[in-house]
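Next, two complexes with subunit A in common: one pairs it with subunit B, the other with subunit C.
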Partner chain A sequence: MAHQAHAYHMVDPSPWPLTGAISALLMTSGLATWWHYKTTTLLFLGTTLLLLTMFQWWRDIIRESTFQGHHSTPVQKGLRYGMVLFITSEVFFFIGFFWAFYHSSLAPAIELGGLWPPTGITPLDPFEVPLLNTAVLLASGVTVTWAHHTIMEGARKPALQSLTLTVLLGLYFTALQAMEYYEAPFTLADGVYGCTFFVATGFHGLHVIIGTTFLMVCLLRHTHYHFTSNHHFGFEAGAWYWHFVDVVWLFLYISIYWWGS
Partner chain B sequence: MAARLLLRSAFRAATTCRAVPVPALTRGVTTGGIPTDEEQATGLEKQVLKSMKEGKDPYSILKPKEYAGTKDDPHLVPSVTNKRIVGCVCEEDNTAVIWFWLHEGEAQRCPSCGSHYKLVPHELPH
Partner chain C sequence: MYRHIHALQQVARRTISSSVRRQLDNKVQNKQKLFQEDNGIPVHLKGGVSDALLYRTTMMLTVVGAGYVVYELVKAAFPRNKT
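So, the complex of A and B:
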């Protein structure tokens, strides 16, 4: 163990920031070559490298924390700040898409018929699958909070059950939303309605998939006894992210699905 | 190392179920099975935990204690060697920090405000 007089973590040199940056380059240039020259090689390479980077970087963090004990209280505090700042940046990301939606829907252009939903658009019934989706995500918010409490109380089996239930609800949401996307009477190409709808709900869906994956990793780690009743920040970060995803959906549902119909 | 740790925590987790006293507020269906920091912390985290329990703060996590800075109550400056740099903010909100080396031995005074500082040895767990 390094002889240091402070409680911070001086990280060992790592190649993953570089591979991450390279994958960003390959993915962006890959998108360009895909659209202009119809070849997916660069994009595929970039995505593979991204997945490898994420897997190995986060695996290293788990090694440094759970197995090597580098995550002292000040280190954990820094990680908490980091996660909060990241989620805040994501909130602003979604604010952009809500801005776009309200810009076009509050004063609908004459080309749309001067109304919202625009002429020719049959919106989805907010009281059908979208309402079920709302219930699913709200329930998953409850189950993830339940999971947190069971972890803090040191109860392994209830934690396994509640966390599994949360993941299942997340997967159920994704399946329902995928079906909705397939069955929808309008597409991304259907003017500003289709654009704002699918970009906003699409990015949300991507975040649901990310959040579900995060929680699945937490579930796996929990089965391997990584978490202690007092120190389980990986799980807390996942739960925070999941709550954020839930809140974004509530805004989507109220704005686009309900008011927007 | 990880496998040993896992096996040890799994063994402890299996026995913890019976050993841990059930808190009054649990539902009582299934308790135990999740290790505590006590059982599973390792490395620096474990060092900090152990030291804190003994009332020590070797890694200076907590806010430094406040001293009057007088001759009888000098600022005690912990150091792992025999000297340490001190930055004295003589009065609150001063932007000019007075920097000087503090050596072991007799207390030294800040060249600007005259506060007393004394170097004390600081033990690091190894």
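So, the complex of A and C:
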């Protein structure tokens, strides 16, 4: 019984854009009340609302696609464009932080000692944990590609194994980076070096956590038979995001960790 | 005695593996039937009672939160400090 004469998806009315917008309002004003009045209620409320919104909105998208079949080929094409544009916007977000780093490090101010790293800063050895982190992320790029091929081939067990391995590598990176942050001989407050280092690597770390979560959801969905061998865009979007995170790290490693030391 | 232990092992193994198999069965078709039912319910409530509970909780937090933000902003804009 057909209800529409076109292949596009006319979505049901949904409350999640509103709850998401309110959560953004609560989080931003929550930051203000936290910094000015030391109360975290609004921030906590906003974050809870954000998590609830994300869970229900994405749950609904899974229902609309896997269970209701609304993701026809033109719809999927639109989603592909959307993910590409989103990742492009994130690339520009990181370009800003790399701009800041190069602005300060290519012509170091006299107040820094006229050199980079600035006087008094002991940079991390790029051939210790940062090199391990590079290997971990590169390996995870291989495992996620392996996972894609096994999904396309319909090989269930290897797909679950390779996807699990990718997630584990992502978690390992986060744990190693957290330890590095704790042990670092400099802090965010250590001038422009500390600022550019922790803001750039910090936002990257946040994106690793987001990417790992995305892949964990893909793993969960694959165990529940949501993906077929020729329709698994949710996984592809996650894999694209993961490769983007990997590439950003490579730029961070070369620029900040290696050249910047 | 060892025969008992062996039998217990076999029962345990069979129970564990069969319950695991039950958990990982392909339930997509059941979900498809549930979510394609022509009952006019929007997708965010179509899963059942737990959907409605979660929705109500989220909406309550939204309304309370929005109200609380307005209160805090008014408080911040008109400080009641007596010096």
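Before moving on, here are some points about what is shown:
Everything that follows uses one rule, which is that the second predicted complex is superposed on the first by the 259 of 261 C-alpha atoms of A that agree within 3 Å, B and C clash if a C-alpha of one lies under 4 Å from a C-alpha of the other, contacts with A are read in each partner's own complex, and residues count from 1 in each chain.
By definition in this document, a contact is a pair of C-beta atoms (placed from the backbone, for glycine too) under 8 Å apart; a residue touches a chain by one contact, two chains touch by 3 or more.
All of these numbers come straight from a predicted model, not from anything done at the bench.
Applying the stated contact rule after C-alpha superposition, one finds that A:Asp12 touches subunit C and leaves subunit B untouched. Contact with subunit B, but none with subunit C, is seen for A:Ile151 once the two complexes are overlaid on the shared chain. Applying the stated contact rule after C-alpha superposition, one finds that A:Lys38 touches neither subunit B nor subunit C. In the superposed model, A:Thr53 makes contact with subunit C only, not with subunit B.
Of the two partner chains placed by the overlay, only subunit B lies in contact with A:His231; subunit C stays clear of it. In the superposition on chain A, A:Phe67 makes contact with both subunit B and subunit C.
For the contact definition in use here, the residues of subunit A common to its subunit B contact set and its subunit C contact set are 1, 63, 67-69, 224-225. Contact residues on subunit A toward subunit B in their complex (touch as defined above): 1, 3-7, 9, 63, 67-74, 151, 153-159, 224-225, 227-231. Chain contact summary for the complex, subunit C toward subunit A: residues 24, 26-28, 31-32, 34-36, 38, 42-44, 46-47, 54-55, 57-59, 61-62, 64-66, 68-69, 72-73, 76.
Residues of subunit B touching subunit A in their complex: 1-2, 5-6, 9-10, 13, 16, 20, 23, 26-27, 29-37, 39-48, 58-61, 80, 122, 124, 126. Interface of subunit A with subunit C (complex): residues 1, 11-16, 18-19, 22-23, 25-26, 29, 32-33, 36-37, 41-42, 45-46, 48-49, 52-53, 56, 60, 63-64, 66-69, 223-226.
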